[in-house]
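Same chain, two partners: subunit A is paired with subunit B first, then with subunit C.
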Partner chain A sequence: MLKVIAACGSGMGSSQIIKMKIDKAFKSFGIDVSIHHCSVGEAKTQINNYDVVFCSAALESNFKSAKEKGKTVIPLRNVLSEAEIKEKIQSHIIDKQ
Partner chain B sequence: MIKKILDKGRYCFHESFDSWEEAIRASVVPLVVEGIADVNYGEDIINAVKEYGPYIVIAPDVCIPHAKEGKNVSETAISFMKTEKPVQFSDNPEENANLFFVLASTDNEQHLENLMALVDLLDDPAKKDLLMAAKCPEDLRKLID
Partner chain C sequence: MNAIVSVWGFFQNNILTQPAFFIAFIVLVGYMLLGRKLYEAYAGSMKALVGYLILNVASGGLVSNFRPILAGLKERFNLSAAVIDPYFGQTAAQSAVESIGRSFSMMMMVLLVGFMFNLILVLFRKITKVRTVFITGHIMVQQSATALWILLFCFPHLQDTNIIIMLGILLGTYWAVGSNLTVECTQDLTEGGGFGIAHQQMFGIWAVDKIAGKFQSKDETKNKKIEDLEMPGFLSIFSDNIVATSTLMTIFFGAIMLILGKDLMGQIDTSMDTSRSFIFYIIEKSVSFAVYLQILQLGVRIFVSELTESFQGISNKLLPGSIPAVDCAAVYGFGHPNAITLGFLFGALGQFVAILGLIVFKSPILIITGFVPVFFDNATFAVYANRKGGLRAATIITFISGVLQVTLGAVCVLAFGLSDFGGWHGNIDWSTIWLAIGLSMKHLGYVGFGICLAAMLAIPQMQYMKNKKYYFSITEDYDSYLAEMQADECVEEVA
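Now for the complex of A and B:
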């Protein structure tokens, strides 16, 4: 199972919306995931327990060290866009398997 | 969700703001007036954006000002603000917003329901167009008729 974090500044708004949206997208690909939503601060300390981070594009720079550790970091320009989310799951996760 | 925003008077309409900070402060006013949010809630939101960047702009035109659950808020609620001119959060026009949905949360279950209703609303292009064109509360009523 793929372990995913959805992160935003406070862990209560955007990250929950990201979780709802990506959950739907992963299901449409038939990929088994568990998704935890939280704040950027928590995401950074928990990163070792997860494979993938989704966040707003504005937050991407917070996850430089996660990328260096080989984690997949997926920034979203439009958190509401199913098209963008699916395209990024395809390019960042499926195509790399 | 829009019905509740109208029934409770949780909305405001503005022409424009000189800064995104002023826009955030104005957006929380309906909740402050009702006693749901403390004026410091606006500052919490501003500080979070200063620390992390404008992550509250979740999609083109759409901003969801919010800060931590249960801090400086006493109820779970959404309020709405519309600006005629886009508010700029950065040099990137993709991070401009006209539609502000302020989120306050003390109860995660109710908050999740609010978020789902919000996502459903914004996923509907016709409804988003109505929001972008809205200039007064009567215009919001078109969304629930």
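Now for the complex of A and C:
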């Protein structure tokens, strides 16, 4: 099972939207996931327990060290766009397997 | 008959007037109505109960951590202090509501009535011209809390039922109209992203989008873009809310406690260990605010995620074709990261200057910067302002916004009798639009309430007049809408 974290500034609003949207997208690919949503600060401290981070493109720089550790970081421009999410899951996760 | 009365009495005393159990009850009933399985409904209501009780632990902690500092300021300088932040605001509103012997459960009922009224407005969108449903759960909790106190403050003798209906309608209208107002400028910013904003600065966003263009210099070469700036790397640590909150709290409360001094703090706070260094006492005390805020947010997140998901489900089921309205952070992906940092920075600068102003001009209220308004309002404004007016607009507007957040925040604390409770909502709509709504209700009573309601309902009508053809299809057919608007501009120029 893929362990995914959805992060935003305060871990309240947009991270939950991301969670709902990516949950739908992963289901359509038939990928089994567990998704946790939280703030960027919390995400950084918990990154070791997860495989993939989704966040707003503006917050990507917070996850430099996560990338160095080999975690997949997926920045989203439009957190509501199912097309963008599906395309990025395809290119960042499925194509790399 | 007696049996019914005593059953109702039991329900009223143990569930209806106890917010934690009431919220759990609502989630339980809601899930059953949505046709979820019994064990899912049980799990959801248990999480709601735990979430709310966590929130209570945190707000109790915030209040008791704050109390000695408030007392010290009162004794030494005869000053009151308030943190402008919706979490502090919500805690202050709860204490204020309970201080006059009313039940805070009303907050949850107001939220539900408000949400339903928003749905009704969208359901009749052919008449009301409202297209958006506000589903950002944590914001709805905070706003219901603050608005509940404003209404109780204006109409202290009104019965619970009347309060809930009146405020539900007023707040539902604000949610619907405010988020609807952000659709056009957000479509413009996101080039057809397909959503509106449901947050704490919706009227603010609209205003920023309108004025930002005026900051453009005639000389094109002078118009700097935010993208060209080289920002120092260390600033990025402030997009981490834990770091930003602890830093802000240490600066402000540290300064206050240093000025009050070890002797006075030791007298007031009996838990202080005088053998320890005062500096470390200050740091621990200041950072404790960030700790309680983290706990508070954890609690809110647990019970609100149940809420947001079911609201999303309900609005999708009942209202296909409505436009989703979401958290303001959804637009951050469309702005340059520099815009977000710069908005926060200039907003903070505006706030600090205004706070100095409050001290110099001997304001009876001292305002303390909270993280949420200074970051989320101003970062959002900077993103919108940069698109229309470049660097100049983004910096000037966020600076002004910071000044307004502090000065009008102080006015709100005074106007709504919150000076003993240490907090105010703080976001820009609440210190402008809701200050106006509150003052008109306080002075004009029901007439004021009627005027505010009518004025808000008139806004989508005016938006509709401007663009009848694509008003409802703007998220599906953004390109035709753009073509139409450009054609209009050409006609205006020729005329």
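As a working rule, the second predicted complex is superposed on the first by the 97 of 97 C-alpha atoms of A that agree within 3 Å, B and C clash if a C-alpha of one lies under 4 Å from a C-alpha of the other, contacts with A are read in each partner's own complex, and residues count from 1 in each chain.
Everything below uses one rule, namely that a contact is a pair of C-beta atoms (placed from the backbone, for glycine too) under 8 Å apart; a residue touches a chain by one contact, two chains touch by 3 or more.
It should be emphasised that the depicted structure is a prediction, and the values quoted were computed from it without experimental measurement.
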item: Which superposed partner A:K44 touches (first subunit B, second subunit C, both, neither); value: second
item: Contacts of A:M20 with subunit B and subunit C, given as first, second, both or neither; value: both
item: Partner with the higher number of touched subunit A residues, subunit C or subunit B; value: C
item: A:P75 touches, of subunit B and subunit C: first, second, both or neither?; value: second
item: Partner chain(s) touched by A:I31 [first = subunit B, second = subunit C, both, neither]; value: neither
item: Contacts of A:L59 with subunit B and subunit C, given as first, second, both or neither; value: both
item: Partner chain in contact with A:L2 - subunit B first, subunit C second, else both or neither; value: neither
item: On subunit A, the residue positions that both subunit B and subunit C contact, one per complex; value: 8-14, 16-17, 20, 40, 56, 58-59, 61-62, 77-81
item: Touching residues (chain side subunit C, partner subunit A) in the complex; value: 136, 138-139, 190, 193-195, 199, 236, 239-243, 297, 300-301, 304-305, 308-309, 312, 324, 326-330, 332-337, 340, 372, 375-376
item: Subunit A to subunit B touching residues, read off their complex; value: 8-14, 16-17, 20-21, 40, 55-56, 58-59, 61-62, 77-81
item: Subunit B to subunit A touching residues, read off their complex; value: 48-49, 51-60, 62, 64, 66-69, 94-95, 103, 105, 111-112, 115-116, 118-119, 122-123
item: Touch list for subunit A against partner subunit C, complex; value: 8-14, 16-17, 20, 37-42, 44, 56-62, 75-81
